[in-house]
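Next, two complexes with subunit A in common: one pairs it with subunit B, the other with subunit C.
Now for the complex of A and B:
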């Protein structure tokens, strides 16, 4: 790691772990904890979507895994009395295993075909949650106890903030490590040309499933964490709009950059939050801005950075 | 059994019409139109306004829906998709744009028509009762008949008119069509308008049976995607086949699986996954064409 990278990392850690809580303390905007916790968790799920993009697939099915992870941990905690801290990784593993079975057939699809089938998957997850007896149908699972360590804290919001941020840092550190490893380079070869990669001897089926299950693992833990915070889960907790938003986060932040999903989630979520004051017009303004952004910058936010860096103007 | 088949046919005709619009847009421009369900809802609301609010004949409402959506579709293609396709470096950008348009149409529908469920008075009264083996209200039969009529005229239009031929050429090979003197911009716009018009037409037809509400857009898009997956993307015969297959499966599933709860769609999706594992390009699609 280069020196300026270490410096940037230290600055980032300082800001999220000390700077933000201090600022909130000073300004008294306690509601920001919830917003920032959501941003951290949503960016974990978006990181999963980004990873599937890294192997050249557009994933609009992350909502399904977030929902599955959320329900799995909720059921473990309420029905079996498992501690949340055990249920959290178990939810991730559960969604990863599920995604292997689902991913095996659908990862053969490409482009918009894969996008379509993952979008359908989101809706099917919602319908499954509605239909299954163990998920309690439309009533959902409510009054889930708070995780043991956090429940005893005086300020649960701060506790959740630290847990979510720690998870986010872990996830993005793992992503960074993965992308810069041998597997990461192989994944990039899939993104560029699968046939060529396969002809050189890359086991593309195996690699695709690995990447997809890691991506779903992220979705699962993000969903489980969300459920712990809201203490409830319904079939509509994660739906098609959420899946689309995860994808938008990645595209907006930039697909060529590991920390893109984090930036995209921050911008989109805060943008949406700021527009809350406009009331009924919120969705209208938000979607108009999205459309305008696509018209002005069809290649994402990151394209500004790249074009200014290399100085090419088309 | 007759009842199940009749329901399936009736549903299938509606579904095929929705899938046709989606697949047409996909074939011509390689755009996955996320906003298709929202266009369908908009069509439903236009018919509701003209037929139930203004009291004009139903057929006028239907024409108003088709015309409104055709104009909306043409404008969306000209001012949004065309510049983005020209300037973006990868095809996924159009998906984002389509998602943005879906949100936008949702917002417009919410502001203009509100979030309530809207229904219209029945267009014809009475029920066909064939010996209690087949019971079907007359208005459903009429709507099913109109939908099949629309599908047939769409196929004839694509097959024999000059515009239809131009669009088919465009779908086969964009560059070759351009070299033959097909005005690509113009026919892309007409194609998008036609696809949107079909969505509006189904919306207008179905508002008489199921009513219309804001939340129907997303699920409708999803069903349309499923049909296109079954039949193969960008193929007209595939869209029709996919529509009827999904309609049949839904109708059979609802009657056979109802004792196990609402798992029809779960079963359909599971079978879709098995099907795609064997045939990723769908029934009639070209392999990665």
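Now for the complex of A and C:
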């Protein structure tokens, strides 16, 4: 790592682990814990979407995996009495395995066709949750006990915040490593030309499925964490709109930068909240701003000269 | 010399259209064999059949006696039969060097996990690939532009990069799809030299080409196809005197064969 990278990492860790809790303490805005925890978790799900972009696929189906992961952990915890800390990774593994079966046929599709199929996935997941007995239909699963350890804390919000931030750091560290290793180069070769990639001997089917299942793993654990915080899950907990937002987070942050989805999620989440005061005009202003941003900064917010700091390409 | 690649009664039909019709020929080790033919003769289809990007309707392609038709392209590449592309197909937003390094994939010893965790083997791989990439770039005269982004390169360099990508896979046979297309005389002559050098490294070269003077200059043997059928096979001199070939090319292109 370069010196400025270490500095940036240290500054980041200081802000999220010490700076933010201190600020919240001083200002008394406890609600910010929930907001920032959400941002951390949404950015994990978005990181998954980013990874599918990285192999050249537009993924608008991450909501499906967040929902599946959420239900899976909720069922494990409520019906089987499994500890949440075990259910969390299991939810990720479950969604990763499911995504292998779904991804295997659909990853052959490219461009808008893949995007369309994934768009349908979220809806399929919602309808499945509505129909199955084990998910308890429209009533969903409620009164899920808090995870052990966090339940005994005086300040559960702070506990969740730390867990979510730790997960986010782990996820993005893994992504950073992946992208800057040879695997990242192979993914880029897929993104740029699949035919050529296969003619240099890359097993493109295998690599696509690996990337997609990692992506879905992130979706699954993010969903499971959300459910643990809200202690409930319904078929409508993750909808098509959420899937679209995950994708927008990536666009906004920048598809060329590993940390794009993190920044994108933060800006998009707070941007929407800040515009709340504009009332009826909220959606109009929000969407106009998004269109404008994409026109002015097609490579995302991080293209404004943070690239050298994070040592990314371009 | 025993044939390294055998094309046996290869036929490909698209609906009612027969693109390749019962074509057979053999390629010997370390030779440069060219497949030529007028536009629409079925050269490109034949090329895709050999590299297994397309499955034949009937017939087969054998590499060292083993059937490769019907295998996935990356399996065929793994066996040592590697193609380059007709268009300037490269990894556009990577640098020239990155293009070549990533193409060393078949030589990887480490697993994906190994690369992720940065295992000793992965590091050895990375070093070996970097060294080999520099050697290949030097060999093809691309070392000056190694750090240019590939999409910025002029045509001639792109073609050389395509060959560099092919060489990185350590092929036994390199299939070149129209390596001289769109080149001026000087560029063509330079590429001819380059392809010869590639052969001198021990690589068998099979190329599909339009450019007659270049083909006559470079090939050990030539296979001519027209309307999907093989009409002649032989040395450049034999092909130049072949009645059927002259007929196929008669008219505007007869001086193109160099008669």
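Keep in mind that, in the parts below, the second predicted complex is superposed on the first by the 290 of 314 C-alpha atoms of A that agree within 3 Å, B and C clash if a C-alpha of one lies under 4 Å from a C-alpha of the other, contacts with A are read in each partner's own complex, and residues count from 1 in each chain.
As a working rule, contacts are C-beta pairs under 8 Å (C-beta built on N, C-alpha and C of every residue); 3 or more make two chains touch, one makes a residue touch a chain.
Source: prediction; values computed, not measured.
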Discussion item. Do subunit B and subunit C fit side by side on subunit A in the superposed arrangement, or is it a clash?
Written reply: fit
Discussion item. Quick one: is A:181 in contact with subunit B, with subunit C, with both, or with neither? Answer first, second, both or neither.
Written reply: second
Item to complete: Name the contact category of A:201: first (subunit B only), second (subunit C only), both, or neither.
Response: second
Worksheet item: Given Cα centres, how many degrees, to the nearest 10, is the angle at subunit A formed with subunit B and subunit C?
Response: 80
Fill in: First (subunit B), second (subunit C), both or neither touched by A:210
second
Discussion item. Tell me the contact category for A:58 with respect to subunit B and subunit C: first, second, both or neither.
Written reply: first
Worksheet item: Once the shared chain is lined up, is A:192 touching subunit B (first), subunit C (second), both, or neither of them?
Response: second
Worksheet item: Taking the superposition as given, does A:102 touch the first partner, subunit B, the second, subunit C, both, or neither?
Response: first
Fill in: Overlay on chain A, subunit C to subunit B nearest C-alpha distance, Å
13
Worksheet item: Which subunit A residues contact subunit B in one complex and subunit C in the other?
Response: none
Worksheet, complete the sentence: subunit C contacts subunit A in the complex at 51, 53, 72-74, 77-78, 82-85, 89-94, 98, 101-103, 105-106, 108, 112, 115-116, 118, 122, 125-126, 165, 168-169
Worksheet item: Within the complex, which stretch of subunit A touches subunit B?
Response: 58, 102, 104-106, 108-113, 115-117, 119-121, 123-124, 127-128, 130-133, 239-241, 244, 247-248, 251, 280-281, 283-284, 286-288, 290-291, 294-295, 298-299
Worksheet, complete the sentence: In the complex, subunit A touches subunit C at residues 177-178, 181-183, 185-186, 188-189, 192-193, 195-196, 198-204, 210
Worksheet entry | Parts of subunit B lying in touch with subunit A, wherever the complex brings them together | 26, 30, 32, 34, 80, 83-84, 87-93, 95-97, 99-101, 103-104, 106-108, 110-111, 218-219, 222, 225-226, 228-229, 233, 261-263, 265-266, 269, 272-274, 276-277, 280-281, 288
